[in-house]
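Have a look at the structure below, then the notes.
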Amino acid sequence: MSAANGVAPGVAHSNVIEFADVVIVYENFPAVAGATFSVAPGEIVLLQGPNGAGKTTLLRACAGLLPINRGDARVLNCDLRLDRYAVRTKVGLLGHANGLFQDLTVAENMSFWSRLVGASAQDVAQAMSVMGLADRLSETRVANLSAGQRRRCALATLIVRRAQLWLLDEPHAGLDTQGRDELDRTLRSAREAGATVVFASHEIDRAQKLATRCLTVSGGVVSES
Amino acid sequence: MSAANGVAPGVAHSNVIEFADVVIVYENFPAVAGATFSVAPGEIVLLQGPNGAGKTTLLRACAGLLPINRGDARVLNCDLRLDRYAVRTKVGLLGHANGLFQDLTVAENMSFWSRLVGASAQDVAQAMSVMGLADRLSETRVANLSAGQRRRCALATLIVRRAQLWLLDEPHAGLDTQGRDELDRTLRSAREAGATVVFASHEIDRAQKLATRCLTVSGGVVSES
Amino acid sequence: MSLVLQKTSPTGTRATRVIGVVTILVMAWVVVSGLIFTPQDVVQGESVRIMYVHVPSAWIAYLAFIVTAVASAGWLFGKKHSMGFDRFAGASAEVGVMFMAITLITGSLWGRLTWGEFWQWDPRLTTTAFLFVTYLGYLAVRRLEGSKEQRARRSAVVAMLAVLEIPLVHFSVVLWRSLHQGATVLNPSGDVKMDGLMLFTLFSGVVGFTLVFVWLVLHRQRTMLLVDIANSQGLDAAIATRRAEGVAS
Amino acid sequence: MKSVTKSKVISAVLLKDLRIELRSRVLTNQVLPFAGLVLVMFAFALDNDDVLQRVAGGLVWLATLFSLFIIVQRSFAVDTTDGALDSLRVAGVDLSAVFFGKAIALAVKLVALDVVLVCGALLLYRVDLNLNGLVLLVTCVICATTGLGFVGTLYGGLTAGAKGRETLLPLLLLPVVAPVLIAATRATEAAFGSGGAQTSEGWAWIGLLTVFAAVFGVGGSLAFGPLIDE
Amino acid sequence: MKSVTKSKVISAVLLKDLRIELRSRVLTNQVLPFAGLVLVMFAFALDNDDVLQRVAGGLVWLATLFSLFIIVQRSFAVDTTDGALDSLRVAGVDLSAVFFGKAIALAVKLVALDVVLVCGALLLYRVDLNLNGLVLLVTCVICATTGLGFVGTLYGGLTAGAKGRETLLPLLLLPVVAPVLIAATRATEAAFGSGGAQTSEGWAWIGLLTVFAAVFGVGGSLAFGPLIDE
């Protein structure tokens, strides 16, 4: 992978994510209630915590998808309070949903997303083979895939993005053991290429092995663990 | 739990599931390609195997949702080739989807499903508290729940069914550690009350601990492991 | 926080009180002049007096919607995205919808007297109704769930598009042959054929309604500010509860 | 598991569908403006009292029909998006009871819609209505919406089951509901006295509507279960 | 990540939308029969060549408008069901390019629909069309569908983001598209020569349609991004 994927040398010393006392409110429920944490370049950070703790909300906020109601939030040197859009070309997000078009085949989905982010055909082919989607499956409509195969396809669209910051919401869910191993390998090599990874997971054992640091989210607050 | 939930004494000796060389075809792809296996009463059987192996298809077939194209399939003494409907009052299925109504609150969803299966208000309250959905969450619309909370709600609707045969497709996915422990306890106690459990899972460690027997599904074929 | 609330709690200021008094004086003059001093119309008789309400309310509705659009642009293109602009936009649109409703009501009453029908499927009437519905839609957009920032952005875009309908309403009489009165006052050629006192009363009405508009908007945007402050106070309590959830588990 | 009586299932499904409608307000916010548009646009397009009065009845039912498509699709979309229909099938409940529950909910929504539409037509098209006409009209609305409720639910169920089928709905539904459209239009015209029609003529059409509702009520309760089972 | 040119994004989105339409056939199987019904119904209801010819233009555009709602809703439903819209937002692509891609796809679908509708009207309502009229008609269809494509995509985007919003679509869209309806109707009437209208009269309306399309093209390309961002 080229140097362009890494963090530019000049900013390597500043944090990739810098949240200070951030509050995020849905209607009138504060899903994130004063979160303070930071992520340094090259880390693989695990967000763990009970259901409804606010992990998904944090990840979506980091991707610039949610407005910040209070506090200071900086991601890749973009201030999310002023501009949530600038950050988006640099992050890749895998949410609970897959973001795929059910009526298109795997190959068509891949080519759509790869064209949008300007990935090369070679990258696409590689991502698909890493995720085990070559051959028969590539010509299958997404609606006709099994749940795990769909998740693999979503991961493949993420891989071709070669983002500087990877945000993954329960990336292991639905994958079989081999897929999980492959994913972990992919994340580690992305890190070696200079990317930073933040992911939420309930597969604590596997996740803790993968992560370089663990954060616990609970009641909308983040704490070191 | 009452005796009605258990298997009637007269049929206790025959198998709960009895599949012989079953083939299940989607359009023209045989997702299950000659599966032979049986499950005895009181077992907790794990279906493991790679993505796309056919686990979901097998579980849905056991629930009488899919037509059998070839082979012999009997579930709870109902022949699925002759009558896929009779079996449905006796099984409970948790699929990849949750089967909840997004616009209704947790409590409303619970009361709907419990009325359909004739569960008592007490059972409902108990299931909700087991799954941690009492208090604030019970009045929240399902659309506003987190992914794991939704899964918990789906499990609660299943628990009130008190089925003879529980079919669960990746029940652990999305749940936090505490929820998983609670679920395992629930399944074990269902078994003690005479029910049989078949579930698919990719959390191999936890699943193998829970299961009394493991079956491996691969390429649409089932083998003992 | 509660200190802030107390300091800002009255919605009136010295300026608004002055405006209020002037408004009352001007409106009193419009009522007296419109009902007593001005003559009947040759064709329309007494019913022409509806004009002193109908026409100003239509124009002030236009004015209100234009103010909404300008304030929206201020929010959207301003560097600081100051929420004050958003409040002005919202307040002005609410008052504008009220004036538009008055136009519709007085218009249909007038129509009953002159055409014998409350409503006709006439271009001016139809486009006016559409304008009214458009701004109901605008107010609905403001009520969508989401943060203040989201609300401001969404509604600003809608407001700046909706304001384009005003020329359509104004020129509808020209675009389609219409039953409705053509532009007697705001016509392009500039020569106004109307009795002097009638015209003066009409313009007094316009001035009076403008003052009403200004007074209402100032107060309304102030109450909006207070609601925002009150909401953020409720948020503090909610945050505390939410944090407690985490400690408990 | 205890067995559940049919009426309990019907009421549970009915309540659920109506409650979802109340929450999501698809009918009031989406379908009604749509149907209202048909009326207003036609009033605007055909600014001619004569023509308008003649087509008033037809327009009301045409608008109802359009709305039927949207409501049926929405009614089953709610059940299929998160797999609730599968859960319903697996719950082993009496599917004919589900059919009646959904059909009644659908009919209730259609009645609500038609009340507004008829009032709109009365206002916009300046139709006169006497007492006889009103009785006929109310009967017509009830019979027609019942029939439409049954047939909509039946075909909605048929097309909700599997992928690709949903696009079939209008194609299948159109020819079947055509008789309802015609009968209800004629009955409404008779009630409105459009074109000098007599109220008495209308009652013959009501007969047809009743037969239609009965046929699809019975047919639907028998066929719905097998149909939604893929 | 490399930067991607605007035209590449436009073509990717356009292709995607059209391909999904080809797969799911919502337009042909769902919208067309629906729109066709309006035409046929009227041919039956007003069995009077005079009136029919007079309303032919209006009916075509009314049917287009109804279809617009359905197509727009469907076009965004495809993007929202599995969170693809979120992914689009996060992909950091130029959202004004997405706007144009979706708007063109929408316009293409509308053109396809209108060709069928106009042919239907010509047949059913026995309208004569000379060469001048044809040129006017084609221009009118292109201008009007472009405008509708822009405005439909813009408001579709506004209402697609979050829950509860989708019900707003008709309320917002109705008053805005009314001018298109009127202008296109008048131009089509001129092309059909209904009520003795001259072709030349039609071209004035085309001007209005063009202005409309331009306003919403520019407005949409600027506003779409901020709008779909919740």
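By written order: A, B, C, D and E. Residues from 1 in each chain.
We take it that contacts are C-beta pairs under 8 Å (C-beta built on N, C-alpha and C of every residue); 3 or more make two chains touch, one makes a residue touch a chain.
Treat the numbers as computed from the prediction; the structure is a model and nothing was measured.
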| item | value |
| --- | --- |
| Of B-D and C-E, pair with higher C-beta contact tally | B-D |
| Chain whose mean Cα position lies farthest from chain C | B |
| Cα-centroid distance, chain A relative to chain E, in whole angstrom | 37 |
| Computed distance of Cα centres, chain C from chain A, in Å | 46 |
| Centroid spacing, where centroids are CA-atom means, of chain B and chain C in whole angstrom | 59 |
| Overlap residues in chain C, where contacts from two or more other chains coincide | 126, 145-146, 150 |
| Shared-contact residues (touching 2 or more other chains) in chain D | 24, 81 |
| Junction residues of chain A - those touching two or more other chains | 27, 29, 50, 67, 96 |
| List of chain A residues in touch with chain C within their complex | 23, 25, 27-31, 33-34, 50, 53, 67, 69, 218-221 |
| Complex contact set, residues of chain E against chain D | 24-26, 29-30, 33-34, 37-38, 41-42, 45-46, 51, 55, 58-59, 62, 65-66, 69, 81, 164, 166-171, 174, 181, 185 |
| Touching residues on chain C, where the partner in the complex is chain A | 145-147, 149-150, 231, 234-235, 238-239, 242-249 |
| Residues of chain D that touch chain B when the two form their complex | 1-4, 8-9, 12, 15-16, 19-20, 23-24, 78, 81-84, 86-93, 225, 229-230 |
| Complex contact set, residues of chain A against chain B | 26-27, 29, 49-52, 56, 96, 132, 137, 144-149, 151-152, 170, 173-180, 202-205 |
